[in-house]
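Below are two complexes that have chain A in common, paired first with chain B and then with chain C.
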Partner chain A sequence: MATLHIDGKTYEADPSKNLLEAALSAGLDLPYFCWHPALGSVGACRQCAVRQYRDENDKNGQIVMACMVPVTDGARISIADPEATEFRSSVVEWLMTNHPHDCPVCDEGGECHLQDMTVMTGHCSRSFRFKKRTFENQYLGPFLNHEMNRCIQCYRCVRFYNDYAGGHDLGAFASHNHVYFGRHEEGVLESEFSGNLAEVCPTGVFTDKTLKGHYSRKWDMQSAPSICNHCSVGCNTIASSRYGAVRRILNRYHHDINGYFLCDRGRYGYEHGNHPDRPSRPRLRSTKQSGLEPETTEVLAAIGSFLNEARGIAAIGSPRASLESNYALQALAGREAFSIGIAEASSAVLDALVAALREAPGGPASVRDIEHSDAVFVLGEDPSNTAPRIALALRQSVRQVSIKHAAAHRIPRWHDRAVRDLAQGRKGPLHSAWPAQTRLDEISKSAFCESPNAIAKLGFAVAQCIGEDSSSSSSADSPLQKQAKAIAADLLEAEQPLVVTGTALESEAIIDAARAVVSALAKAGKSTVRLAGIAAEANSIGAHLLQGQALESIVAKVMNGECDTLIVAENDLYRRLPHATVDALLDKLSKLIVIDCIPSSLTRHADAFLPAATIAESDGSLINCEGRGQRFFQALSPKENLHATWDWVGRIQVECQRSDTNPWPDLDTILAKMAADCPELAGIREAAPGAGFRIHNQKIPRSPRRFSGRTSILAHESVHEPKPPEDKDAAMSFSMEGSALQPPAALVSHYWSPGWNSAQALNKFQEEVGGPNRGGPPGLRLFPGGQNGRPHGSPSTESAATPDQLLAIPLYQVFGSDELSNHSAAVRERSEPLAFSLSAKTADRLGLADGDSLSLRIGEQKLTATVRLDPVMSENLIGIPVGLSDTPVTYLPLPAQANVCE
Partner chain B sequence: MAFELSQETLDTIDKVIPRYPQRQSALMMILHAIQKEQGYLSLEAQEWVAERLEIAPIKVREVVTFYPFYREKPVGKHYIRVCRTLSCALNGSYKICDRLCQELDTKPGEISPDGKATVEFAECLASCGTAPVVMVDDDMYENLTEDDIVELARRIREEEIK
Partner chain C sequence: MFSIIKSLWLVFLHLFRKKATIQYPEEKAYLAPRYRGRIVLSRDPDGEERCVACYLCAAACPVECISLDAAEREDGRRYPGFFRINFSRCIYCGFCEEACPTYAIQLIPDFEMGEYNRQNLVYEKEDLLIDGEGKYHGYNFYKVAGLALGNKAKGEAQNESPPVDPKSLMP
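Showing the complex of A and B:
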């Protein structure tokens, strides 16, 4: 630690930081634009000027840019110095010469960093008399608005989009005061991280287009801490609502997971709750013909009698539903008759993944660990499409060598341009093994594009090379061995090697191979080796820990007559089992009860339907792919008939007279029951403070202190202000009343601090700028690592495909493969139609060209789509995107043999 | 309509590319060659260059828009740049531009109705000592007065300047 003197006061400061970071970390207000805690400094905007003195005798000092000067022990600076103050104010003045003065019609207004900085510098009157320069805006797709007149040329957008996120289609054009940030032509911004521009841009140039569709000012929204449920990474989000609908998702800083950035699936997937066809009323099949809408009590009573008259009850939960909802179903139907709703094969692979995560030295790697790794082996995953935030972290991992290289030349890592210039594009080793082309290939040292079994083989070969320390290659090596040796050598040479694997290819062998590589590295003395796992859905791991039955065994129970009544929650079985199997199951059932928040093919068949609240409308817990239990809270109290699945199931318990009162009247009660029943999940209670938590006897407000107060929107019903709903599940109020103090990180519902109205108020919610959340990052990691459980596997042998057979493998699309976000209009607009990927050679052999139509038979199912040539795919493989909404076949047990139909 | 270039320009392009260790370094030379032939650099032309140099079109457009000497729109027979940076601005470049436009019956950035000229502002033309200055195509006109401008416009209209 260094000692820093700022305006006569003494502070402790971290010498690896710059003066701006140190001043902000000390809680001082110093304006800035171009510096960003995750993007570092470039010294472009001149906004952070301070006066620095050589020593205590230096009375003159000189103006320096705080973001470009490292902290040194004994450094003396002044923020309050009159000349520095005037300098900062004139920076804003000149930026304002071209900036429109129309905050009231700007989407950024009220949460604008430029507004905040203008007020902070004191600039308040303009003397510029000339015309402002104006630009034409571009159409950039469904996610972002573009209003270039508001640009202050801080260059943050291109630095994030291109340098940090690896985008290719956002540029800085022209020069002087005509600098223009946009695409080379109008069109959709391609990167799956584009939405972050809305938060990175300090002005209203890039703003959230979905918010514009139902705009509200930040101060008028009610917000709550939520978790993204569109993949297994579990990024922390802030969900904001007004008048009964979610309006937007913002990043919620989690030091170890998402940091400052979300992916677009997570940011824009929320509108599944605003889907026009969302089923929002309880329904009964028996009253459907009459056209009458049954009362909720009527539907519940009917469900009660279905259950009481049932010969046997079974329940199917879902890996996209909360732990509490799955647990409630398990408690209702009993362990033997409960499944988390995934097929046996998927379940076995998930089991292998969980075993690997338990065994991982030091526990599963967090996203932050991934970012800091300096050699990576991705085995059988396509993170850009299955866990996008991890892909963004991998893009930072390849920079570790250049950061270290720069450090050796005494260039600190925040000195972004210098670090990048010194590196000259040099990248650290990232080796990836995935059957098709991926967006990470461009930064990979090697990409192994073969069948799942070959990928597993490569993994085991790498493990063997590490074990035998035979990394020097010999001419007798097969290509696979050569590659394995190269990968082994890179991993052995690294300070922090990382293996990433997951369930995407549904292969236990791949996960076992990843384990083998990790344990070989550990044995070879690499105690820092980490393993990161990617699961299929937001709560795959949590649901798995409840140890349900495989889906097939529930089907068997129905087919053999043991059960005749089935409750399915948040799960479209047509996406989990072959259509014929589901049809037969439905035929055999006497009653089907469905609870869900989106319209699915299954809801149509329900005898009784209950509308579930979405994640933003409910409370509960999820366990992410790092084994971290996290809590999400209601951003709004949902409409009358919407409840969390666990709440519905509690109400059903009362109806079928299993319980006099709802056994789970609130979240804490069900958490306590679950903890008692499943000791392994006991820790989940600690993931966030319970409903009884108070700060000085006060709850945490969901509305910011700047809330406008009452409006006349409900005046036609009553002129009295309605009482805000009570919240029995959380220590938060649905109003602006409550504690003004900063809550624990798990309960932070919005970022605000006096003078800081934009999202950058976040600086005040961290231990130090860019550092851990105050009071520690939220959530609780359940896997400490090092637990040995599973015998070591070996590569399985491939059933050789006959020449006219192809091996169909599952491919994923960031926009398209996730069921929930498919129901969000903006994400839906970005998803691509079904197309088969195959190599030019295979296409040639089949007499096909790019864009031709091809029909395939896989098992019982026939599927037709156009052909898309994949430049790296190996022969005899065919990639089929899974999970897409607009396909006639929503389930295929991939990988599988496929036959070409004539 | 497919994008086409004369054989001469194509030959020039083929000659400049191997002069650089990296293909993309030839970008500016190629842009000059195409602008010389076509008078400006259309988006089509930029995309064609991007493909030739194996870079993204956005990289080409960043360069084209950065340098004022590249143009993205067609111009009149003569391209007139009026310097408006400090020395010239103080010595009346805005007036000069107005007068020139008036004489040529045009507006800044547009092609005059007779197709003979396009007038545009430019940043410092590196002749501050003789401000105000105007460049007509590749020739510099210095220490201009309003009378000089009237005369210059006449010579352009009457095609005394080739």
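Showing the complex of A and C:
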């Protein structure tokens, strides 16, 4: 640690940081625009000027840009220096010469970094008398609104979009005071991280377009800490609501997971809760004819009698439902008659993944660990589409080599431009193995595009090469062997090698291969090796730990008459089993009870339906692919008929006289019961403070202190204001009342600090700028790593497809493969229609060209779609996007043999 | 003793002064234009709603009796979908008028809002919106703002130069 003197006071500072970071970490206010904790410094905006003195005798000093000067021991600077203060004020005045008179109609207003910095510098009246320059805006797709007049040319957008997220279609155009940030022509921004521009932009050039459709100011929104449930990474989010509906999702900083950025699926997928067809009332089939809407009590009583009259009950939960909801169903139906709602094959693969994560040295890798890896082997996953935040981290991992190279030349990491210029585009090794083209191919050193079996073989070959002396290369090596040797050499050379695998290809062999690579590396002395796993859904790992039965065994129970009443929660069985199987199951059932928050194909067949609350409307826990248990909280108290699935199941327990009172009236009770029943999940209670937590005897407010309209919002119903809803599940209040002190990181519902209205107030919520959340990153890791359990597998000897047959493999789309976000209008607009991917050679053989229509028969099912040529796919493979909602066939057991229909 | 006599004398003199009391409601008192009474929402010189739903009045309101929700017209003009003032809570402080960047919300010299039923003091947008410009004439926010609107393209606002061609490098 270095000693830093700022305005006569002494602070401790980290010498690897710059003066701006040190000043902010010390809790001082210093304006800035172009610097961003994740993007580093470029010294473009000249806003963070301070005066630096040589020593204590230097009375003159010189003006320097704090973001471009490293911290040195004994450095003396002055922020309050009159000349530096005037300099900063002049810079803002100059930036404001062309800034339009827009704040009242600007979505950034009230959370605008430019507003904050203008106030901070003291500038108030512009002396510029000339005309303002203007720009035309561009249409940038359904996620972002463009208002170029507001730009202050800080270059943060292109630095994030191009340099950090690897985008190609956003650029800076023109020169001098005409610099324009946009696309070369109007059109949709391609990168799946474009939504971050709304947070990265210090003013209102890029704003959230979905928010614009139902706009509310930051100070008016009631927010709560939430978890993204659109993939298994478990990014932390802030869900904000106003007038009983979720209005937007913001990034919530988690030092080890999402850091400063989210993907667009997570940011814009929230609107499934605002879907116009969302079922929001309990329904009974028996009253459907009469057109009467039954009361909630009536539906619950009917469900109670269904269950009491049943020959046997079975329950199906879901990997997209919370841990509590799955546990509640398990408690209702019993371990033998409960399934987490995934098919046997998927369950086996998930089991292999969990075993691999338990065994991983040092525990499963967090997103932050992925960012810091310097050699990566992605085995059978397409992170850009299945776990986009991990793909963004992988894009940073290939930069590690250049950061190390720069460090050798004594260039600090924050000196972004210099680090990049020195690297000259040099990238660290990223080897990927996935059957089709991926967006990570452009940064990969090698891409192995073969069948799942071949990918597993490659993995085992790499493991073998690591074990052997890989320096000897013989000319007799097969191409696979050669590639394996190259990958093994890169992994062995790295300081922190990483293997990424997952369940995307539904192959146990691939996961076993990844485990083999990791253990071979550990044996070869690489104790720093890490393993990252990607699961299919938000709570796949958590649901798996409840040890439910496979879906097929529940089907068997129904078909052989053991059970005749089925309760399905947050699961569309038509996406999990072949249509014919589900239809037969429904025929055989005497009663079907469905609980869900989206209109799924299954809800039509329900004898009784209960509307579930969405993630933003309920409390619960999820376990992400790192094995980290995390808690999410209600951003709003939902309408009277909406409850979390676990709450509904508790009420059902009362109705069917299993219990006199609701067995889990609140979240803490069900967590305690779950901990007692599943000791492995006991730790989940520590993921966030319980409902009894208080700061100075006060709850934590969900709304900012400036929340408006409290005596008017409901005045049209009654002028007598109701009491705000009570929250029995969390230590948070549904109002602005409560402690003004900073809560623990797991309960942070909005970022605000005096003088910092924008999301940049986050600096005040970290131990140091860019460092861990105050009080430690939230959540609890359940897998410490190093647990040995599963025997090592070997490559399967299954033969590849015969030449005249095609092997259909699943492909994923970041916008389209996730069930929930498909119900969000903006995400749906970005999803692409069903198309088969195949190589030009295969297409030639079948006599097809790009855009032709092709019909395939896979098992019992027939599927027709257009053909899209994939430049890297190998012969006899055909990629079929899975999970899309606009297809007649919503379930395919892929990979599988496919036959071309004439 | 003297002060008592003085007071009596002064009171006696007041018998011959002009009466301050007026026969309200038949006769009305003069109220200055800036008197802070009933709140209205005004229109701009083109007859469009001035309110752009910026929520500043609601934020400024110390009793939090204003609530509104933004909506957007097809041409991109933002307006309040609903606008509600609970006058049973309003303290007529005028902070909302001070906060309003578009002169939309104004307090006018009318205080005759008595009701037998408190619920009737909840005013919705139809009750608040007037047809004129109110106290402030001639101001049209969108003529000053940089935002393009249906009938106003970029560069057409006051004090704006025409849009820049980003594909040109000419000065």
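Here are a few things to note about the model shown:
As a working rule, the second predicted complex is superposed on the first by the 894 of 902 C-alpha atoms of A that agree within 3 Å, B and C clash if a C-alpha of one lies under 4 Å from a C-alpha of the other, contacts with A are read in each partner's own complex, and residues count from 1 in each chain.
Basically, a residue touches a chain if its C-beta (ideal position, glycine included) is under 8 Å from a C-beta of that chain, and two chains touch if they have at least 3 such contacts.
Just so it is clear, the model here is predicted, and its values are computed rather than measured.
In the superposition on chain A, A:183 makes contact with chain B only, while chain C stays out of contact range. In the superposed model, A:134 lies in contact with chain C only, and not with chain B. In the superposed pair of complexes, A:410 makes contact with neither chain B nor chain C.
Taking chain A as the reference, the larger set of touched residues comes from C, when chain B and chain C are compared. Look at A:174: by the touch rule set out above, it reaches both chain B and chain C. Contacts of A:149 after superposition on the shared chain: chain C is touched, whereas chain B is not.
Of the two partner chains, chain C is the only one touched by A:109; chain B is not.
Once the two complexes are overlaid on chain A, the chain A residues touched by chain B in the first and by chain C in the second are 173-176, 180.
Chain C contributes residues 52-56, 58-59, 61, 63-70, 72, 78, 84-86, 88-89, 101-102, 118-119, 121-122, 124, 141, 144-148, 154-155, 157, 159-169, 171 to its touches with chain A in the complex.
Note for the complex: chain A touches chain C at residues 100-105, 109-110, 131-137, 147, 149-150, 173-176, 178, 180, 182, 212-217, 219-220, 242-243, 706-713, 715-716, 718-719. Those residues of chain B that touch chain A in the shared complex are 43, 46, 56-62, 65-68, 123. By the touch criterion stated above, chain A contacts chain B in their complex at residues 168-176, 180, 183-185.
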